[in-house]
Every structure is written in structure tokens, then in C-alpha cells.
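Here chain A shows up in two complexes: once beside chain B, once beside chain C.
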Partner chain A sequence: MFQITDVPRILPEILLLVLALLVLGSDIFERWANTDAARLERVRASAQLTAIGLGMIFLIALVQSGYVYKLPETAPTNFFTNILHNLQSGGPGQRPIIGVFATDDLTMISRLTFIGAAFLTSLLCLDYHPTSNPAEFYALIIFSTMGMCLMAGATELVLIFLGVEMTSIPLYILAGYFHGEARASEAGMKYFLFGAMSSGILLYGMSLAYGFAASAMGGNGVANDLTQLSKIAELSRQGGPLLTLSMVLIIAGAGYKVAVVPFHGWSPDVYQGAPTPVTAFISTASKAAGFILLFRLLTVAYPSLAGSAILNANLGGWTSLLAFLALLTLIVGNLAALPQTNAKRLLAYSSIAQAGFILLGLVAWAAPQAFDRSQGTAALLYYLVVYTLTNIGGFGALAAISMAVGGDDISDLNGLARRNLPLAVLFAFCILSLAGVPPLAGFFAKFYIFMVAWQTGAWWIVIIALFTTIVSLYYYLGMLKAMFITAPASEEPLVAPVGIMSALSISVLGLVILGIFPNLILGIISRVQAVAGI
Partner chain B sequence: MGLITLPTSIPWLSLTWLSLLAPTLLIAVIPGGQRQLMRLVGTGFAFLSLVLSVLVFLGYSPAIGGFQFVERLDWIPQLGVSYLLGVDGISLAMLVLNGVVIFTGALMSWNIENRTKEYWVLLLLLTTGVYGVFVSLDMFLFFVFYELAVLPMYLLIGIWGSTRKEYGAMKLTMFLMAGSALAIIGMLAIYFGSGLRTFDMIVLARNVTMSGDLQRIFFPPLFLGFAVLAGMFPFHTWSPTGHVAAPTAVSMLHAGVLMKLGAYGCLRAAMWLMPSGAHDWLPIFAVMTILNVVYGATIAMAQRDAKYIIGYSSVSHMGLVMMALATGTQIALMGAVLQMFAHGVMTALFFSVVGRMVYERTHTRQLPELGGLGKVMPFAAVMFILGGLSSMGMPGFAGFWAEFNIFIGVWEKYPLIAVIAAVSIPITGAYILRAVYAVFFDEVKNPEFLHLPKLTWQEYTGASILAAILIAVGLYPSVLTEVISQGVSPIAQQLNDVIVAVRP
Partner chain C sequence: MTRAIPLEAVLVVAAALFCIGLFGALSRRNLVGVLMGVELMLNSVNINLVAFWRYLEPRFITGPTFAIFIITVAAAEAAVGLAMIIAIYRSWLTVNIDSVDSLKG
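Up next, the complex of A and B:
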């Protein structure tokens, strides 16, 4: 039963919906005219509303989660503590709402990641100029964010599917937003076709899972909870080929969303063709949402099929399937990045390769001890958070550069250090974090993932993964070389918009702080394990 | 008791590396035009770090031995990562070496006019990393500092270097990063193989719980990972290219300190933590180092570029260090660490003469084009000869004691290798004398050389300090040997225990 007390638990989602509608609605009250100045005014209004709104929702979600400050039970009651108390009563650690939407730590952390990513993206778009109706552009980002939050919390197949579509459809539109350009149209169309395809595969896998659960029940009992993940897990103890097939299809479907090899074909084209801030958003929040979905689906619905990824023991189950995918992704992603000449496309391949590392975090689920498994979860989430920060920074810097220079080839980065040193340094931090150089957070994220993968016995992947990081260093250094060593085409200073610089500074600050003090969020992240199994 | 007593309430080792991190932040906010101020700040803090490391050296008590000035803070406790610093005899020698080379390197960097701010920030960041490596006793921390020391090198060489700088920089970085990937494999193997789930090297070394088989599998990655940085054959090719391409101060730091970082890693991480793996593999590595020593010296003989000569002589000398490490006896290890110190100071001196005093004025390093510079800059000639004498292993110089100990140690265990390696001694003499003659004594080939700008006070000071240290240690080696031999004895002891255990 849905109760009125459940409302605070889905407050961030409600607020996101309200904000999206507000952005759309408020645009009506702006001055509409065909001049550039008037359009710019509308862009500013929508963008600022989006940024401020997302920032506030982020803060509300942060307060609600109680990670920064938890109201003690004995606090005196007054007006403010009452509000705080009511807000935090929606905090982590209760049973899923009507069995479909869990508000556990995983949801809380994912929400913060997605809303944070959307906030940073909106900062990137502050000075970006959508051509037609600006409000749509920003509202679509918010709708998509809401879809991601639903995806992360959903514990039931139908809501999962709704969340996936809610996330993807706005992103298809956003990817092809500049539909006058050939590349952008290609990106939008390609993303849509591949996305629709993968949704179909995902749905097929889900329908098999549902059918399996229903037939296991033998037609008896109340059938309205058969789509719940935990119910599937409960009914599928003995396993069977059908269940395995449904699992494989679900991995394939979600694999498209997170762009792991061999389901990655769409991503370089889409990343390159989409408007750069949107690329930042797709490559971070959308990918993170895909991974969290995969994590919840596999660990909650298919724990009996986990298997192991230890080389000489019994390979099998989804952990070894994911290990295999991780291996392919790391090798293909990193090697394919080497010959790229377009910086955006290069980062696209690099983010494919990063997905390979993230998969290793899921592989840790093969560990026999619960302690090791929760380490794996912590490593996975830490990596996702860090990766989100890094890639938003990286694509943000590219957005600034391509706005000023008019292109995003690597040769457009030439001599950036002489034209805008702060921008070059911040960008370099993001690149080095992607490459995994200490003391930036990217290093600890990689190291932690390697540790958990090694301790489950998948040391063979770790060794290969380590060598792919050296390959990756070559192309990352190539970008550094362009920025710092190669002489610029022109000496005139390159002006970066304030919005982008602030988003970039926030993410780099995050990278440095999280890199030196990973415990700041590891403590929060490691709470996830306890509830994810419900 | 040490020579002086330092208050224990002050975190001396943290201060040492922070004393170089602080100026990077400071210089970053100095306005771009104030070059002289940046140089003063950078050199001043480098001097401060030298003073601090000398203080630590004097404050260390050889009577007590072991690790002193230990600082321990939890960092990531659930993973067994801590912020653990401490020095023993080995780190002490390296710490002082580092301080000296950084200070003199900073002095030699005053002529950088192009993008001065970035240069100093990167240079000091690099040295921060080097200090950190020498004082950290936690493998994770060790590794963090290690990478911090390697990466700025790419930009330093790529931007301010000469001869094929982009190629040299990329090659160097890729080699060293590949080495560090190998080292990570070894680290993880120790972490999980020992079952202790800690990166604390003191704990890991006190009770080696890793099985013999695992040690045999994972010793080579860890040892070779660091040996790449020490320039061990066949992974040495980055080093001459990199040294030649680098700007003077970076060459000094690189050959003087960074290569030692590799040898230090081999000793501290690989040999200390995996003694039985070391026991099985070291003879093979000992054979490989012959190539380093002899081949390196022979190639140096064939070079025309003065910096290449020094680059290959580094390969040869570091080969001696690695050979001594591979021998693993008390006296050889002591010689190895002393050689690290002596070679560090000596190479820094070489590079400051060739790279700064000569090349910056003549704009060539080709031996046939140089000549007669002894008349123009007698000081540079004297300094180069002093360095050369130490390099050849003349008694009275630091190099002598180092090589003497190394050859005694190697002879004890592998007489044949010692004999073959000794071939390098006359070759070294030959190429040094050839370089000295061609650069400083031949007649002046280029009349423009007679009107070269005068040496600056930074050059006089820096080179004099380096030369003075070479002679001081040569005349009174026990200032270092006492602490060093105390530092290496636990490692030698551990290796010896393995031999005793293996023998029925």
C-alpha cells in the first residue's frame, strides 16, 4: 500500500518532475522574438532556473540521505527540526514502497550521483546555445535525470523498464538536438535505433524472467508480485536454461546502455555527434545508471547464478560472463582509442574502456565472503562517482574549447596551456585521473577495483587490465602533449565561459579531495551492501 | 644518540616532503612576470628541504638503528593503507642525496626563461614525489609518491628539453609506467599472498608469510618493475634518450635521484618483502647486469654527444648498483647504496657541467665540435675532471669506496661475474678521459668559444657543493657507510636466512 508517509521518500523524484515542468512553463513568460539577444535571454533564464533548481534538489537529497548530518533522536522539537525530521524520515533503510521502489543506500547514493551530474551538466550548458526552444533542452535533461533515479531504485521489472525508457527517450532527442548538422542527426538516429533495440532485448529478458517465475509458481498464488526482483530470486533457486537465457538477454540489453564491447558500436558516433554537454551527461549519468541497474538486477534477482571468475576453478555464471566482457571492453576500448584524431571521439573510446574497469567491480560478486562482496560494491560505486566527476570535467573542458576554437580535434587542443593555462591544467587533471595517476581519485578507483577483482581470484584480468592502462596512458599523454608541448595555432587567449570553468573546478576539486581522502565517501558507500539484497 | 637531538614532537619527515609541496602552491599564485621571485622561492624551499634532510641525517641515532622518525596515521584503514613514514640507513643516504641534488638542480634552473612558472611547479612536484618515496614505509603511499615523481617528467622533458624531446619524453614515460604496472602486480601479490591485508612494509617484512611458490612467481614483476627505472638491461633504452632530451636540472634529478628510486624500490619492496623469491631469481638478474655494466660502458665509448656519454655511463654505473643488489650480501648491498649516493652526486655534477655550463653557452654537445673549453672556463674543466675521477673510481673520491665494496661483495659470491664486470673499469677510464680531452683540452675549434658568457654564481655554487661532497665522502666514507651498513643488514640477514634454510 502506498501511504502518505511514503511521499518524502520519493521527494527528489517529485521535485525533479516539478522542476522540469516549471522550466517548460516559465519559458512561456519570457520574451519571444527572433533576434539573437532575445533568444539568449530565454536560454539564460531556462539554464539558470535549471542549474539553481538542480542544485537545490541535490542539497535536499543530500540532507534527506542524512550522510552529512543526521538528526539525533533526542533533538528538541521545533519548527526546523520537525522539517528536518520529516525529510530524513524518508532516508535510507526501509522496505521498498509497495514492493517496487527501494529507498535504500544504493538509491540514495545513485540519486546524489545523477542529480549532481545533472547539476554539473546544467552548469556546462549555461553558456551553450540551443537553437530552437531552449526550455525543452533543459527540461529534457531533468526528465532524464528523474528516469535515472527511478532506474536506480526500482526493484521490480515494470518500473525498471519504465525508468530505462524515461531515461533514454529524452537522451535520444538531446543527442540529435542540433538536427541541422549531419553528425548530430546521425547521432540522434543511431542512438535511438540502438537504444530501442536494446530496450527490446532487455524487455525480452525480463519477460522470460517473469514467465519463469510464473511457471515456478505453477499458476497458484497471488501473481501480482511476480515481477519483483526478490521474488524471482526466491523462485529461481534451482535455476535452469530459461533463467540463464533471461539473464544473458538482460546483460546484453543493459550492456548496450553502458556501451561495453561488443555492444559499444553506437557510442563513439553518438558521443561525437551529440552537443558536448549532452555527451558529458550521457557518458556519465546515463552510464552510471546503467551500471547501477545491472548491479541491482544481477545481485538481487540472480544471486544463484553468480558463479565465479576464478580461472582454473569453475568458470561460469554472470560474473565470468562479465569478466569476459570486461576483458574485451578493456582491450578493444583502449586499442581503438589509439588512432583517434578527434578529442571527443577519443574520450568516447576512453569511456568505453572505463566501463571495462567498472565491470570488474561487478565481478567481485563472485567472492565467497560477504565482506569481499561488499568491498566489490564499494569499489564499483566509488569508481562510478569518480568516473562521473572526471568525465563531466573532461567533456566540459572540451565544450569550452570547441566553443572557442570551433572544433574538437586533438589538434584544436594545441598549445592550450599558452592560451588558457587554468583551463589546460584543469583538463589535464581530468585526463590524468582517467589515466589513473595518483594522487587523483582515478588512481584510487582503479587500484581499489583491481584489489577487489584480485581478491575474488580474477587476478588474470587484473594483470591484463594493468597493461591496458599503459596503452591508455599513451593516448592520454598525447592529449597532454597537444595541450602543453605543441605550439598553438594562434597565441590569442582563449576565453572559457564561467559556467564551464566552475563545473570543471568543482569536479577537479572533487577528484583531488576524493583521491587523497577516499574515506570521505567510502564510509557512506560501504553501507550499500547491507540493503541491496532486499 | 644521533649527533644532534631533534624534538620528537615535530613530524620531520612530513615536513621534508611538504617543504617542496608548499612552494609549488606558492609559485602557482605568483604573478607570471615575477620570474626572479619564483626562482628565489623555489631555490629557497629546496634549500630548506636540504637543511631538513641533513637535520634528519644528523638526528638519526646509529646506536639505536632500525626505523626512526616514524610517523603513522590511518589513511584507509579498511584496506590496511596507512600514512607511514620512517627512515633507516638506506633512506637516510638517499634523503641527503636527494636534498643535495634538488638544491643544486634548483640553482641550475635559474636560466629557464620560457614558461618559468610551469617549470618550477613541475620540478618541485617531481622532487616532492622523490622525497616521499624515500621516506614512506607503506607500499601504497610509496607507490603514490613514486608515480608523482615520474609523471611531471613527461612535461618537463617535452616542453623544456632539447634533442628529440617529444620522443624521449614519451619513451621514458611509457617505460616507467609499464614498470609501475608491473610493480602494482607485485604489490597486490604481496598484499593478498601474505594474507595480512596490509601495505605496511615493516609488518610485511617482519613476518614473511607469503608462500615460496608465490614469491617465485611474483618476485620478477616487482623487481623488474622497479628495475626499469634503475635502467636495468634490457629495459635501459629510455634512459640515455631521456637524459639527453631533458633540460639540465631534470637530467640531474633524473640520473641523480630518479634512477636511484628504482634501485631503492628493488631493495626496499622486492628484496625485503620476498626474500625467497629473491634468492631464486637474483643469480639470473646478476648475469643480466653484466650486460648493463660492460655493454653500457662500451656504448658510452662510442658516443659523440657528451650527454649521451654520461647517459650510457649512468647505465653502466647503475648496472653496478643492480649487480650488487643481485649479489645480496651485506657488503655488496652497502656498496650498492653507497654507489647510488656517489653516482647521484657525480652524475648531477656531470650534467650541470655539460648541460648547463657548456651546452647553454656553446649550443652543441658534439665532441668533435667542442674543444679547448678548459681555457675558457677552467672551473667547468676542473669540476668535470673531479666528477670523472670519481666515476673512474679513483681513491679519495666517493666512487672509489662504492665500487670497491661492490667488487669485494660480488667477488665473494660470483667471482666470474666480478671479473667480467671489472672490464668496465678501464673502459670507463677511457671514455671519461676521451670526453675530458675532447671537450676541455683539445685546441679551440670554434673561435666564438673564446667569447662565451662568464659562469654565474649559481653555477659556481651548485657545482662546488657537488664536488665538495664527492671529495668529502671519498676522504671520510664512514660518515655514510656506518648508517648504510646498518640499514642494509636486516635485508642481507633475511636473504642469508633463506640460503641457510634452503641448504640442508
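Up next, the complex of A and C:
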């Protein structure tokens, strides 16, 4: 039963919906002139509304989660503590709402990640191209964010499907948003085709899982709930070919969303062709949402099929499947990045390679001890947060450069340090963090995930992952060389918009702080162990 | 309840439809054809869900609910897809996948 007290628990989602409608409406009610200056004014108005709104929703979600400040039980009652108390009553740790939407720590942390990423993305496009209907662009970003929040919290097949589609459909439109550019429409089309096909595959897997649960229940209970599914799979020991097939299909479907290697074909094209702020959003928030979905689906519904990733022992189950995918992803992603001449495409391959590292966090689920498993979860989430910050920074810097120079090849980066030193330094921080250079958060994230994978017994992947990290240094340093050593094509200063610079500064600040004091968020992240239903 | 048709037969039809859809989506060169293949895949899922529901747990409504959601979302997806095909046609003057290939490497 849905109760009125459940409303504060889904407050961020409700607020996102309201904000999206508000942004759409704010543009309709105004009668603006049709000149270019007026259009830019409209873009600014919608973008500022989006950025301010998302920032406020981020703060509300942060207060609600109680991670920064938790209202003590003995606080005096007045107007403000009442509001705070009601808000925090929707905090982590209750039964899922009507059995379909969990508001546990995993949902809270992923919500903060997605809304934060959307906030930074809206900063990135504060000064973007004027289009005919700018408000749509920002409203679609917010709708997609809401879909991601639903995806992260869903504990039941129908809501998972709806979350996935609500995330993807706005992103298809966003990827091909600027009609004038042939490249953008091609990127949108490719994203759409691969995405639609992958949701078909995901759905077929879900329908098989539903059928399996329904037949095992014999008509005595709801068969679409993830926890029920895991109990049934546990009872029937291994579950047989039907359950395994459904698991493989679900991994394939979700693998498309996170672009791991056999399913990565779309991502370089889409990342290169889409408007750069949208690329930043797709490569971070949407990928993080895919990983959260994969994590919840596999650990809640299929824990009995986890298997092991230890070589020579009994390979089998989804951890060894994921270990294999991680291996392919690391090797192909890093090697394919080497010959790239387009900076956006290079970062696309680099983000494929990063997905390989993130998969290692899921492989850690093979560990027999619960402690190692929760370490794997913490490493996975820490990597996701850091990766989100880094890639938004990286693509944000590219957005500034391509807006000023008109291209995003590596040769367009030449001599950036002489044309705009702050931009070059911030971009360099993001690249070094992607490469995993020590003081930055990227290093600790990689170190943590390698350590966890090694403890699990998957040392063979860790060794190969270390090699691929060294390979990746080549192309990351190539970008740095272009920025700091190669002579620029022209000496005139390159002007970067304020919005992009502030988003970039926020993410680099986050990288430095999280790199030096990882404990700041590790304490929060390690609470996730108790995923709903385990 | 009559069991003139066993559940397996329905599932085989759905699986065949899924495979035809997947093959169509992968092999068709015309974008509209690809979209039709994807729709076939989604419809095979609907058959699966309704069949599982009817044969295994007719007292609940999960199966048909899921199927109706899929139909709705598939309609939204088709709308976006067709709009994109029009956008492609406007900038490329063709809807053939092989000719739309400025992004590669």
C-alpha cells in the first residue's frame, strides 16, 4: 500500500518532475523575439533555471540522506526542525515503497551522483548554441535524470524497464538534438537503434525471469519482484538453463547501456557526434545508472548464480562472465584509443576502458566472504563517483575548446597552455586522474578496485589491467603533450565560458579533495552493503 | 482452462519472433526496416509475458500490466525513432544505414 508518509521518500523524483515541467513551461509563457541575441537570452534563461533548480534538488537530496547532518532525536521542535525531521524521515533504510522502489543507501548515493552530474552538465551548457526551443533541451536532461533515479531504486522488473526507457529516450533525442548538423543526427540515430535493440534483449531476459519465477511459484505470489526471484533461484539450486539464459540476456542488454566491449560499437560514434555537454552526460550519468542497475539486478536477483572468478577453480556464473567482459573491455578499449586523432573519440575509447575497471568491482562479488563483497561494492561506487567527476570535467573542457576553435581533434588542443592556461591546467588534472596519477582521486579509485579484485582471487585480470593502465598512459600523455609542448596554431587567447570553467573547477576540486581524503565519502559509500532484500 | 495449446508452443513462437526481429534489425539496411525488426523483438516479449501469465499465474495481473507498459513505451520509442529517421533524411537525403557513415575510426 502506498501511504502518504511515503511521499518524502520520493521527494527528489517528484521535484525533478516538477522542475522539468517548469523549465518546459517557462519557455512557452514567454513571447521572445526571433533574433539570435534573443535566442541566446532564452537559452540562458532556461539553463539558469535548470542549473539553480538542479542545485537545489541536489541540496535537498543531500539533506534528506542525512549524510552531512542528521537531526538528533532530542532536537527542540520548531518550524525548521519540523521540516528537517519530515524531510529526513524519507532517508535511507526502510522497506521498499509498495515493494517496487527501494530508498536505501544505494539509491541515495546514486541519486546524488545523477543529480550532481545533471547539475554540472547544465552548467556546461549555460552558453551553448541557441536553438529554436532551448527549454526542451534542458527539460530532457531533467527527465532523463529522473529516469536514472527510478532505475537506481527499482526493485521490480516493470519499474526497472520504465526507468531504463525514461533514461534512454530523452538521451536519444539529446544526442541528435542539433538538427542542422549531419553528424549529430547520425549519432542520435545510431544511439537510438542500438539502445532500442538492447532494451529488446533486456526485456526478453526479463520476461524469461518472470516466467521462471511464475512457474516456480505455482501462482502463489508476485513473480516480478527481484527478491522473490533470488529466493526461488536459491531454492531450485542453480535454477537451470532458463534462469541462466535470462541472466545472460539481461547482462547483454545492460552491457549495451554501459558500453562494455562486445556491445560497445555505438559509443565512440555517439560520443563523437553528440553535442559535447550531452556526451559528458551520456558518458557519466547514464553509464553510472547502467552500472547501478547491473549491480542491483545481479546481486539482488541472481546471487545464487554468482559463481567465481578464480582461475583454475570452478569458473562459472556471472562473475566469471563479467570478468571475461572486463578483460575484453580493458584490452580493446585501451588499444583502440591509441590511433585516435579526434579528442572526443579518444575520450570515448578511454571511457570504454574505464568501464572495464568498474566491472572489476562487480567481479569482487565472487568473493566468499561478505566483507570482501562489501569492499567490492564500496570500490565500485567510489570509482563511479570519481569517474563521473573526471569525465564531466574532461568533456567540459573539450566543449569549451570546440566552441572556441570549432573542432575537437587532438591537433586543436595544440598549445592550449599558451592560449588559456587555467583551462589547460584543469583539463590536465582530469586527464591525469583518468590515467590514475597518484595525488588525484583516479589513482585511489583504481588502487582500491585492483586491491579488491586481487583479494577476490581474480589476480589474473588485475595484472592485465595494470598493463593496460600503462598502455593508456601513452594516449593520455599524448593529449598533455599537445596542450603543453606543441606550438599553437595561433597565439590569440582562447576564451572559455564562465559556466564551463565553474563546472570544471568544481569537478577538479572534487578530484583533488577525494584523492587526498578518500575517507570523506568512503564512510558513506560503505554503508551500501545492505542492499534491499539481501 | 483448456490446454489445447501447450505453453511450450507459444514460447517457441515468441522465441522465433524474437530471432526474426533480431535478424531483421541487424541485417536490414533501410532504417525503417530496422525499426520494424526492433518492434518485432518487443512484441515477442509481449507474447512471452502474456503466455506466462495465462498459463502459470492467471490470478495476478503482472504479465498483462508489463505487456501494456511495453506497448506504451514501444509506441513512444517508435515516435522518437521515426522523427529521427526524418531528421536523417533531411540532412543526408537517404535512409540507408550504409550511406550514413561520417563517424568512424
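Convention: the second predicted complex is superposed on the first by the 509 of 534 C-alpha atoms of A that agree within 3 Å, B and C clash if a C-alpha of one lies under 4 Å from a C-alpha of the other, contacts with A are read in each partner's own complex, and residues count from 1 in each chain.
Rule of thumb we're sticking to: a contact is a pair of C-beta atoms (placed from the backbone, for glycine too) under 8 Å apart; a residue touches a chain by one contact, two chains touch by 3 or more.
As the structure is a prediction and not an experimental result, all values here were calculated from the model.
Trainee: Now for A:L473: first (chain B), second (chain C), both, or neither, which partner does it touch?
Mentor: So A:L473 only meets chain B here.
Trainee: According to the stated criteria, A:A37 is in contact with first (chain B), second (chain C), both, or neither; which is it?
Mentor: A:A37 sits against neither chain B nor chain C.
Trainee: Should A:L203 be classified as contacting the first partner (chain B), the second (chain C), both, or neither?
Mentor: A:L203 sits against chain C, while chain B stays out of touch.
Trainee: Could you say whether A:K481 touches chain B, chain C, both of them, or neither, answering first, second, both or neither?
Mentor: After superposition on chain A, A:K481 lies in contact with chain B alone.
Trainee: A:W459 in the overlay: touching chain B, chain C, both, or neither? Say first, second, both or neither.
Mentor: In the superposition, A:W459 contacts chain B only.
Trainee: Which of the two, chain B or chain C, is in touch with more residues of chain A?
Mentor: C
Trainee: Looking at A:P438, would you say it contacts chain B, chain C, both, or neither? Reply first, second, both or neither.
Mentor: first
Trainee: With touch defined as at the start, can you tell me which chain A residues reach chain B in the complex?
Mentor: For this pair, the touching residues of chain A are 417-418, 421, 432, 437-439, 443, 447-448, 450-451, 454-455, 459, 462-463, 466-467, 469-470, 473-474, 477, 480-481, 484-485, 518-519, 522, 526.
Trainee: What does chain B use to touch chain A in their complex?
Mentor: Interface residues on chain B, with respect to chain A: 75-79, 115, 118, 140, 143-144, 147-148, 151, 154-155, 158-159, 166, 169-170, 173-174, 177-178, 181, 184-185, 188-189, 191-192.
Trainee: Mind listing the chain A positions that touch chain C in their complex?
Mentor: 157-158, 161-162, 165, 169, 172-173, 176, 179-183, 185-190, 192-193, 196-197, 199-201, 203-204, 206-208, 210-211, 214-215, 217-219, 222-224, 268-269, 272-273, 339-342, 345
Trainee: Which residues of chain C touch chain A once you look at their complex with the stated criterion?
Mentor: It is residues 11, 18, 21-22, 25, 31, 34-35, 38, 41-42, 44-45, 48-49, 51-53, 56-60, 62-63, 65-66, 69-70, 73, 76-77, 80-81, 84-85, 87-88, 90-92, 100-105 of chain C that touch chain A.
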